[in-house]
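Chain nomenclature is as follows: A, B, C and D, assigned in order of appearance, with residue numbering initiated at 1 for each chain independently.
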Amino acid sequence: MEPALLQADQLPTWTALAPVLALAVTGLLLLVIDSIDPNDTRPTLLAGVGTVGALAALGLAGWFLSAGTGQPSTNGAITLYGDALIVDGMTLFFQALFASVTALVVVASYDYLRGRAYQAEFYALMLFAATGMALMAAANSLAVAFVALELASLPSYALVAFLKRDTGSVEAGLKYFLIGALSSAVFAFGISLVYAATGSLLLPDVYEALAGDLTGLTGVAGVGILMVAGGFAFKTASVPFHFWAPEAYEGAPAPVSGFLSSASKAAGFAVAFRVFVTGFPLEAGVDWVLLFQVLAVVTMTLGNFAAATQEEVKRMLAYSSIGHAGYALIGLAAFTGAAGGDVLGASMAHLLVYGFMNTGAFLFVALAEHWGVGRTFDDYAGLASKAPVASVAMSVFMFSLAGLPPFGGFFSKYFLFMGAVDAGFWWLAAVGAVNSALSLFYYSRVVKALWLDDAVSEFELGSTPTALYAAVVFAALATVLLLPGFGPVIETAQSAAAAIVP
Amino acid sequence: MIIEALIGVTFLAALVVMLAPDEYAGKLAFALSLLPVAGSLWMWAGFDAGGNALMAGSIAYQTQLDWLTVAGYDLQWFVGVDGISLPLVVLSTVLSSLAIVSAWTPIDTRQSQFYGLMLFMEANLLGVFTALDFFLWFVFWEAVLVPMYFLIGVWGGPRRKYAAIKFFVYTNIASLVMFIGFMALVFNLPVSSFGLPEITQALQAGKLSGFVGLDPATLKLAAFTAMFAGFAVKVPIVPFHTWLPDAHVEAPTPVSVMLAGVLLKMGTYALLRFNFTMLPDVATRPLVATVIAAVAVVSVIYGAMLALAQQDLKRIVAYSSVSSMGYVILGLIAYTGLGIGGATFQMVAHGLISGLMFMAVGVIYNVTHTRMVGDMSGMADRMPVTVGILVAGAFGYMGLPLMAGFAAEYFIFQGAFASTVIPSAPLFTAASMFGIVIVAGYLLFAMQRTLFGEFSLETDYEVRRAHFHDVAPLAVLLLCTIALGVAPNIFFEMITDAIEPVVAVVGGGA
Amino acid sequence: MVPPQYYLVLAAAVFCIGVFGLLTRKNALLFLMSVELMLNAANINLVAFSYYWGNVTGQTFGLFTMALAAAEVAVGIGIILVLYRNFKDVDVTEAATMRW
Amino acid sequence: MAGIFDFAPAIVLLPFLSFLIAVGTALSGRDLLPKGGAIPGIAATGGSLVLSVAMAAAVAGGEVYDETIYAWAAGAVPGSEGLELTFGVLIDPLSAMMLVIVTLIALLVHVFSLGYMNDDGQTGLPRYYAGLGLFTASMLGFVVADNLLMAFMFFELVGLCSYLLIGFHFREPGPPSAAKKAFLVTRFGDYFFLVGVVAVFATFGTAQFVGTESAPGFPVLAEQALHGEFTANTFLGLGPQAWFTVVGLLVLGGVIGKSAQFPLHTWLPDAMEGPTPVSALIHAATMVAAGVYLVARMYGFYAVSPTALGVIALVGGFTALFAGTMGVVKRELKQVLAYSTISQYGYMMLALGAGGYVAATFHLLTHAFFKALLFLGAGSVILAMHHNENMWDMGGLKDKMPVTYYSFLAGSLALAGIFPFAGFWSKDEILFETLVHGLGGSPLLLLGYAFGLLAVPVTAFYTFRMVYLTFHGEPRTEQAESPEPVRWNVKGPLAVLGVLATVAGAVNLAPVAVLTGAHVDFLHSWLDGGFSALTVHHYEEIDPYASAYLGGEVTTVLLGAAVSLGLALLGLGLAYRLYAVPEPVEHTDKLGSVKGLLYDNYYQDEYQVYLANRVVLPLARAADTFDQGVIDGAVNAVSSVSLFSGSRIRRIQTGVVSNYAALVTLGLTALLVVFGVLGGWLL
């Protein structure tokens, strides 16, 4: 009975938005709980609720995915509210991703926030941001894309600046916010230009209009498309809108960095994939494949090269996150129309694996911050002898980020490169290869510090934060298991991606 | 299912050892490592496949399960062995076991991690030699790097971190280059999976189509070049060899044994499987063949000359590995039964002999704490048995008849001399053969200065006799080397059986 | 009726003024205001072309944009407050402890 | 063909077994066997000797044997012809004779070692006897090899054993160095040999010496190829004749190395660092003999190549004279003998090159006896002298050790070529063959003859200089005054060899046969039996030489013998004049500037050491510098450049948010312009 359960004719169609709703409701619920007795922080309850909400969203998304909701196996994509929202395989895939990362980060934050004020607000903001991301994945209109993007961004600004007595956090928040505001203005202006050229904000209509005769508005559309791309570039931390990322990730509380660099980035890609593939035909004014090729090459190169010489682990991860944005951009950069679903799917799969390994890496940094270990590579020296399990997990993340087996990052990265070669852009893969080798260098510096170097000074780590540990270990397990279990991921991603290619 | 059991048991053993207490880890690891040894010997005993696995020959112990589908291609769990891979499987298990024993003395910290990683590496090596699906193979191929990085980086010498990272990054970038080259081929073939047999057969049926403006012939050349460069680092072929001496010098003895004994063979194995089996028409172009033969000769002579200039015993053996691998390349490009067969045989032979040499040097190092030629002399006086075996091994390295090295080198020379693929084959062959003189030169000089003469030692360590468990692996390796030299058909017959179709494609002779 | 190109030019001009302000002001609040200008440039386009195309999509979206702009300012002011608390200034160039 | 030949492999395996036993003893580290493992060795070589004699008897009965007994890597390539890489046993007159020589000398050396090593209280005896056993086994394997590859393999094993035995006293500085040199120099020759083996296989598809009727061995195939009856694969665009010459000369490389011919002779004098019985074995029967034996073994192949023969003859003749002159000034007993060995093998090479197959074999036989005798005698003296080898410290030993003296004297007379000792007959035949073939239209051989003839007085001179200095006159040191007595195990072998050195010439009294017409050239008839392609008359048919005489054949015989004997006596007489005095002095100063040249062996060692130390080693160091600097430098430069650019790129991130905004704007503008132009809607 299960496969047919969620078909559009058996459940009201709005239920297809259940993952989004689950996240939104949880966020509200957290505020309600907090408002009952604002002076009692009740960390366990808050984190518990947040986790349950995120897991519920994950469960719903997973269930829908396996049941075929919005996918070709049933009746195809479900559109809602005047086609402004869409639920299909890609939506659900990304929602599952956001929910997983959110769950991880919420669990980890339990220990990270211990003894701090405004916990309920923290969790609520996080869930609202997740709601925004989930909505981004479901956007079928530029308006929804913009609103959802802002819904994801505004809580994020607050989250980054959450440690309001910490100059780093505040500075990070400020930079993130200012560049974010600039980008959203660019984004909005771009949308307005696209609207000016096409007369619609709904992606299918835009596609049709752009594919048709634009009667002298080609330039307007072109500028619009480029500016829209700029908006996404901000969200995905791609060059040239990446400037906020190193500082924001470095200054923000580590769980937030993980959340932003994985989920938020993936959300940017989710909406970018949909908007560009279903909204902007390849021949409309701007050769956006070429655009993304340029962005991909510059982004991965800049991210990786800058990461190579960092002294602080967290900042290195920040730059590496930019580098990975460059890899993921290959999904669009090697998009070739009809067969583009493969590389797009590879990119999606990479983002999913990245969600686990990168979040895990930042959560390890959170763990280190929790212990009061310093921030630089040298400070991590010899940590493995004191915290072997976490260090194994961190090594797993690092190697997986570098694309080594037997970890999930191996497949996802190589399938991306493979997609690029398949599309004929072997040079794109070659640039990726150079960057990948360089990334191996700096990722292994972490491993080297943990395992190979001897501790400079003796110190005690203190307590073992159970929840944080659990989150780190779980992320590591997922990263490992995503190698043998990569089949469902890549197959789902590629079929979902293939479904949106017009 | 025997291959799955083999790999699975080894992985499991790695895990168990990793969790075992340090005191017992070494013994436990050895005991557990006997399981894959037994398994591989059992496979060998029951082996009766003929032909080349990639070229429609029968594949022994095959399993083929769909794993996942990516971009419309099936990626399978596809393993099996033929006459080329089985000897290497046996070599891997045996050498791993012996390397573990040889670690008992020198490894005195974090033992359980060390042995766990050794077994983990072994499991991946087995995967490399049995996988018949490209991605499956590639997973194992890359996974070998991870334990190696730690093994060098944690337990190595003073510059271990530099050596580990150099090895790590260098070989990784090579894999990426190779990957791109191979993918460019696969995507222009009408195949539905990454199964190596399917790809090989499609290539040989001439089904390759053009790609980004390249016609099939040019595409093949480009892919060949990329793959060759990629594997050349692993082998390593001059001028991509500089990571090897660093890695060897810093690595602890058992790791050097594995590195020289098995890891280098991954490169030549891959060259044989990919470049020379899949793209014979590129390899046999006169210009390509000339370049490869020249590179082989340079590797042999230049590597040997470098060995001549070294003072560190391990560095000597390391450079001589570069030299020996040059022979393998020469044998491969010869495209004759004896040439390629000899090259494959050399993989096994060199695995045994270089393992023996590194182990013997390690045993001496255990008691002297130096490997520098000038720091000691007259070691034969204090460690007669070890030195005796070392001398025997050194002569094996020099290609003494009735030891495996001679057989391999002779097959290669004989195969290469009459090669119709290499232009002026006799000259190239004769040039590379001069390596046998230089190898004798540097080994004899080093032995004279360290092993013979009046005993003296620069370091302040009390020289004691080696333990039985230090010497026993040496003896086993020596006996294996002699057995293979006296009766090369132990492996050679099945190797040539699997080589024959490769040679037949080119139309080369014996 | 005013041709739509004029609106485009106007919007572009407003947008560029916003960008100019953004690039030249160090004060966080002025920075914020510049961004508002840029958003309003978008609104001009939206409203104008809503009229041009004869649908209300643009106008509706314009409303959304304004609301979001307000929300953004709210968050922004909050961040500027903590900025002031930490750096004793609202000069955005002061907050430059993290770089490279 | 059953019968005695089925035991042929046992000839090789018995000494090998004794090797295994000795190795086992050595490994046990305990004194498991009496006499340090000598007994198994003696038993094994004795057994081999008996079997060899039985083989010889069977061969005398007209039987021969050529069987493949082990497929080393045969038929390995289905679908193509494949190469048969096999081990086989070939017993024919030549190998049967050689078997007897080797086993006999080996047995005597084993027995002698009881006296030289055991009684002298040496340590490491199991290792010593293991080496001897393996040495003997390897040489026997080489002798019975029925194809070139197998021959090469055992040839190399012989080299290994020489390394092990020369370096027996590894705690001293000299022996390991000498051992290394011996292996390295012969390895250099073997390199060419190995190329030759490979070339033979590639050319003919077989390396059998004899083969069968349908698949003949490569010497026969070469002959057929030159007659156009067989198509051999030639390489490098050479015709069959030229290619065969090249191949022949390649194989000759190994011969020159092992038989210590110029210019690869330098290892042999150094090899005197080994125990004296080992020197005897090396010089008389095993290692050095292997080279010459190899040429004789595949003589059919060389016979078809005049150029190769010419090279062999000249190298041999030159070496004979060249080495002899160096022997004149040496002070150590064994050094003199070493140079005499080089010189004598030069004679054999000369004979082979000059078409004197029988003469060379004959000299190989007689030389084996008298040289073994001389070395063992020298060993006896050295033992008596407490390992002092300097002849100037001896003198007057004649009366104290008569057995040694008389046997040594017999050997010396043979070496000097004095009638009627064995050496006279064989050396005379060599010179005779060279002369008549040289007169018969090969003037180059006359040069070889001149070399050989000049070497005769030199040989006689240094031989008797040695005899007089050692045994005659007054004792010059205390050690010589009261030499250590030696026992039966030393005297026994000396006696046996003394007899042989005296009478062995009788096996081939070729001059007598010419003079009287009686068939007393037994060795000639012996070697003319067996496989038809391996017979003397077959070789005479195919070799490029014709004979011519001065006057008649008889005249030439008598004239040649008279001249060589006269010259020998001349040399002997000079030695007598100078050194057979109560208190002899060195006369080397009279040589003037030549003295230094001779002492320093014509700087042969110097230039070879120079090549190694001043050319090869700096080249290796330069390569190392290049490797570390340029190649590895390039690798590291890539990483440094990457990291440097990384450290530059990160500077973009200035930390000032206004700059970020500016850069964002700039970036966006740049994109707009570029893509606007590309898209055709801007400008």
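Everything below uses one rule, namely that a residue touches a chain if its C-beta (ideal position, glycine included) is under 8 Å from a C-beta of that chain, and two chains touch if they have at least 3 such contacts.
Not measured: the values here are computed from a predicted model.
Traced through touching neighbours, the fewest hops from subunit B to subunit C number 2. Greatest Cα centroid separation from subunit A: this falls to D. Compared on C-beta pairs in contact, A-B and B-D come out with B-D as the pair having more.
Central chain (C-alpha centroid nearest the global protein C-alpha centroid): B. Taking each chain's centre as the average of its CA atoms, subunit A and subunit B sit 42 Å apart. Computed centre separation for the pair subunit B/subunit D is 36 angstrom, with centres defined by C-alpha atoms. If you average the Cα atoms of subunit A and of subunit C, the two centres end up 26 Å apart. Rounded to a whole number, the gap between the C-alpha centres of subunit A and subunit D is 77 angstrom. Residue numbers of subunit C whose C-beta contacts span two or more other chains: 22, 92, 95-99.
Counting partner chains per residue, subunit B shows two or more touched chains at residues 169.
Of all residues in subunit A, those touching 2 or more other chains are 174-175, 178, 182, 186, 246-247, 438, 441, listed in ascending order.
Touching chain pairs in this entry, ordered by label, are A-B, A-C, A-D, B-D, C-D. Residues 67-72, 75, 135, 138-140, 142-143, 145-146, 149-150, 153-154, 160-161, 164-165, 168-169, 172-173, 176-177, 179-180, 183-184, 187, 211-212 of subunit B touch subunit A in their complex. Contact residues of subunit A toward subunit D in the complex are 174-175, 178-179, 182-183, 186, 218-219, 222-223, 226-227, 230, 239-241, 243-244, 246-247, 285-287, 290-291, 294, 302, 304-310, 319, 438, 441. In the complex of the two chains, the subunit D residues touching subunit B come out as 26-27, 71-73, 76-83, 149, 152-154, 156-157, 160, 167, 170-173, 175-177, 179-180, 183-184, 187-188, 190-191, 194-195, 198-199, 201-202, 233, 235-236, 612, 616-617, 619-621, 623-624, 627, 631-632, 635, 639.
Residue ranges on subunit B touching subunit D, taken from their complex, read 166, 169-170, 238-239, 241-243, 302, 305-306, 308-310, 337-338, 341, 378, 380-381, 385, 388, 395, 398, 400-402, 406-407, 410-411, 413-414, 417-418, 424-427, 429-430, 433-434, 436-437, 440-441, 444-445, 447-448, 451-455, 487-489, 492-493, 496-497, 499-500, 503-504, 509-510. Residues of subunit C touching subunit D in their complex: 19, 22-23, 26, 92-93, 95-100.
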